[in-house]
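What follows is a pair of complexes built around chain A, which joins chain B in one and chain C in the other.
For the complex of A and B:
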């Protein structure tokens, strides 16, 4: 396991390093002054510019400049936005908080609903409910997110009035932004109308979470069903039945735990897909997360923000994938055996 | 089986919890108002810009002026100045100032004294006097004061005592008071200015503003929101709402949806016909107001071939304005007959424009030496304004009209603040933009947009500077007799028709939509929006006395 963990971590770090190399070179490929692209300081006669040039060794060779770039990156000194002149790292953290809240909740919903539905469908294989679940699953899976979001907005927000369509909370609730994740922000603040604000935040949250969860939910449902069917056809299940174990016990002790193995492996992949949908969802619902931050930076050619957005999303996806793989290998010894080719 | 039932129940609970609405509105919602603005303000000081978005967001909310203009009664009203009089044949104006005016108290500034003549001197000298420590802070360009000629008109400001000032003019000017009442002539705090200079952060004066207005600034998050709180010690009756939030929503469609879902209480420039389709109930009200505006197509007269009047006349003949108006304004606008709109007292019925005539256009082009046409760019502004709800669509229509006379045009657009900056640099061939008057004087339609001074300050979209035309403008403001001035403005209109630095397109109504429970957000014909009198009508109070409503009345 140690060997495997090391290998994964080294691969993770190597990919990150390649990413920083890529981001560093972007500064030179973008039009304009590389240092301005990097730090967002446009006025080349200012003291701040001179200081930044010194910190990033802009008199030296390209290797030294890369060293300076890396050093500042690690220290959290990511420059300022070309448009708003606000520090990129700080803004990025709150944006990341907002994105994480949305995506983790969506992932949770997808898992909590997708896996049981898949199990249910597998037990009812070829039954009416199985067909209904898989049919709706397939059609929901084939609707693109931007379209689904618009449909949901029209139905739930405009026609039924069940949900608002933009941002995390009614702006009249003056909750200070600390982490960016609105539920946490409300909980840790000493705001006077906490209860009402929390209700309002949930009211804003449910529709984007639902929209975002649909795709991974249907995927997990199908994967779980297939895994479950596979497990159920194994001899040990038949043996358990023969020994007279109750169906519930077989389900809880044998088939569900074993069928979760391929499902867990899929979580990382699903998270990556979720991230691309996250960008679309954030833009449509005006969610102040990394996705809408990145898209806006692309429109406004705000290079420091663009790099930060790329770095954050890519790191997040990499990190989650490595974490899932490690968990998978740790939780399921048979996977580890396959990896080390031991039998 | 048990597990599945369990999840079903959990699911139902979640959905129900999410959908159930609280019966009673919590206090922040009852005591607040959300305005969905169409864009970000450029700064929080209206002295520095001319964009309507900035004015709507700042001027009437954060600041007061010496005098106000009441458009209904067509007269000036006292504001920070209790009274004023013209002396020395209109070359000197004396203002008596109010003594009970408090400045905003915020986290970054606590005023130690009330409003006095020092503040007027500070605010005016900032744009008047190039040696003033704040003159070059925030760019040092004061487009309104430059192009309206105030910078040259006011010779100096003299403090008589702590609450009396004299403004000395270079010559008598009939538009002086009108300019004093515009949204640009705001009063800042001199004490705050001094504090910031000592702290070494003078730029903060336009970012963390302090004024005397009905609301105080709390925070601004670009592209997200602006937050204001009520100024509790406001010298007039404080506003009926405690909190005012502007959420930045550039997309007109989204603004409309947010109004329908109740996330916006008031929205500017609604898509009127679509809104009528979607709102079947009485929750939404649409207001329209006559707006003294003009949409025009200006040519950059410094760039060939637009430096030739023949080419400009040809282009004016080439476009089908009635068809454009039908498509873009949906019947809510009037075909412009000149630069002045119908609402101005100097307006005349005489049509000063070029009729749609492609043959004539082609002949004029041939005469100018462009028989084979040329290619050009049409800049279309990215935001909706009262005078033009959809400049990009208009540019497309003009594009196809031009193609018929052999000119190939491309449309160009940028984010609004970038757009304005590049326009000021003169990077365009032609632009679709417009003008909304700041005051009732007809002069406001010409000097701020077509004079040589306007060209210098970057507001003359045609980059057109003709000394003879400037002389006409000066004659018109020096005249005191109204009939005489009407005639002079007709001459000015004719001069514009001759030279065609711009093609007037339409005068339109300004629209605003709001939730039915909002009161007191009126559309003023001149200048920006004001939320001073805004309030939310409470629906049948369930519990007897509303504590919040009482708090309002207790204010001094």
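For the complex of A and C:
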């Protein structure tokens, strides 16, 4: 397991390194001054510009410049936005907080509802509910998220008024932003109307979470159902019956844990897909996350922000995938044998 | 007194080519503590028979029998839940490829512990847990595994097939069954491991008066301690009787053919044909009428288109119109 972990971590670091190379080279391919693209300092006669050029070894070779770039990146000095002139790293962190809140909640909802529904469908195979679940699952899966989001806003926000149309919280609630994740921000602040603010935040949160969760939910449901059907046909389930174990016990101790194996493996991939949907959803719901931040930066040619957004999303996806793979290999040990013939 | 009494068991399957009698009027009796060997080539319905006894029945199979009694239970009269209660308590089964019958993602110890009947444990939670552990270890000791702790801590994929089979046997005897059905338990195992498993089964049978129904493909893999043997061909019982008698003085042409095919201590001259029956095992859709061995039998005559009745000479039963042994005139 140690060797497997090391391999994964090395792969993770290597991919990150390639990513920094790519981002670094982008600065030279973008139109304009590479240093301005990197730091967001437009005035080339200013003191700040001179300082940045010194820090990033502009004047030296390209290798030295890359070294300076890495150094500043690690130190959290990601420059400032070309448009707002605000520090990119700090803005990015709060945006990441908001995105994480939305995506993790959506993933949780998808898993909590998707897996049990899939298991139920498998047990009731070809029953009425199986058909209903799989049918709605397929149709929900086929709806693109930008359209689904707008439909949901139209129905739940405009017609029914069950949810606000957009944003994280009513601007009347003046909650200080620390992490960007609104629920955590409210909880840790000593804001006067905590309860009311929390309620309002949840009121804002549920619709984007639901929209975002639909796609992974239906996918997980289908994967779980197939995995469960596969497990149920295995010899060891029949043998467990032959040994006289109760049906409930077989389900809880043998079929469900084993059917979760391919599901866990899929979680990482589903998270990657969720991330691309996240960008769309954030833009539509005007959610102050990395996705809408990134899209705005693309519109405005805000290169430092663009790089930061790319780096954050890519790192997040990589990290989640590696974490899921490590968990998978730790929980299901025979996987390690299949991969590297080691224990 | 037989504890398992099967008379004229017929299993019919619905296939695309109509209803096929896969098992045709098969009779089988097993006495308490007896090791009974059931020999049948592939397609003989021997595994179906085991499933029918245990009650793993596909709803599309049609199972009829004059008698299917286990001790004092009429298994065909019980509903599935009751039946499972009875068979789950009294019977156990081990299979070929034992590794695939163990949950790949939980440790051997966990799977063994959950099989210890809860009724036999005493005390409160922690005490029961410890009790479970010691009982599980004792089970492994009983099947001849010495390093029980390390085996319990490993996953099934880490065990060799022989070890996995021993673990399966330990699991099977966890609730002290009265009948153990072993479906080709030593296929694809080394002779040494095979001998170990046989010895283990024989010992368990003797020490706990557990009956064993041993299902094999050919006459070379018979437990030496086997008391009775039944030969099945295409779902029909060919011959049954005490193992020694059947193997030394076969009454049925099929038994004779199987014996000559097994090449016990024989040598064949180079480049001569080995003794086999002509033809091949018929497919389910093309089963012959009458005695199903008919088309392949060297002694077949016109009478063989009618299914022969089971005749009995002393302990030996056979279903053949023209048996090999000299039969007393009462036939």
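One rule holds for everything that comes next: the second predicted complex is superposed on the first by the 341 of 343 C-alpha atoms of A that agree within 3 Å, B and C clash if a C-alpha of one lies under 4 Å from a C-alpha of the other, contacts with A are read in each partner's own complex, and residues count from 1 in each chain.
Operating definition for what follows: a contact is a pair of C-beta atoms (placed from the backbone, for glycine too) under 8 Å apart; a residue touches a chain by one contact, two chains touch by 3 or more.
Owing to the predicted nature of the structure, the values given are computational and were not obtained by experimental measurement.
In the superposition on chain A, A:4 makes contact with neither chain B nor chain C.
After overlaying the two complexes on the shared chain, residue contacts for A:141 are found with neither chain B nor chain C. By the document's definition of touching, of the two partners only chain B reaches A:167; chain C does not. Of the two partner chains, neither chain B nor chain C is touched by A:58. Contact with neither chain B nor chain C is seen for A:30 once the two complexes are overlaid on the shared chain. Contact comparison for chain A: of chain B and chain C, B touches the greater number of residues. Of the two partner chains placed by the overlay, neither chain B nor chain C lies in contact with A:327. Partner chain A is touched in their complex by these residues of chain B: 2-4, 7, 10-11, 14, 17-19, 21-22, 26-29, 32, 34, 218, 222-225, 227, 243, 245, 247, 249, 254, 257-258, 260-263, 278, 415. Touching chain A in their complex are the following residues of chain C: 54, 56, 84, 87-89, 92-93, 95, 97, 100-106, 114-115, 155, 157-158, 168, 171-172, 174-175.
Listing the residues of chain A that touch chain C in their complex gives 234-236, 238-245, 249, 253-254, 257-258, 261, 331-334, 337, 343. On the side of chain A, the complex with chain B involves touching residues 83-84, 86, 112-113, 116, 119-120, 153, 157-158, 161-167, 170-174, 193, 196, 199-200, 202-203, 206, 248, 286, 288, 296, 299-300.
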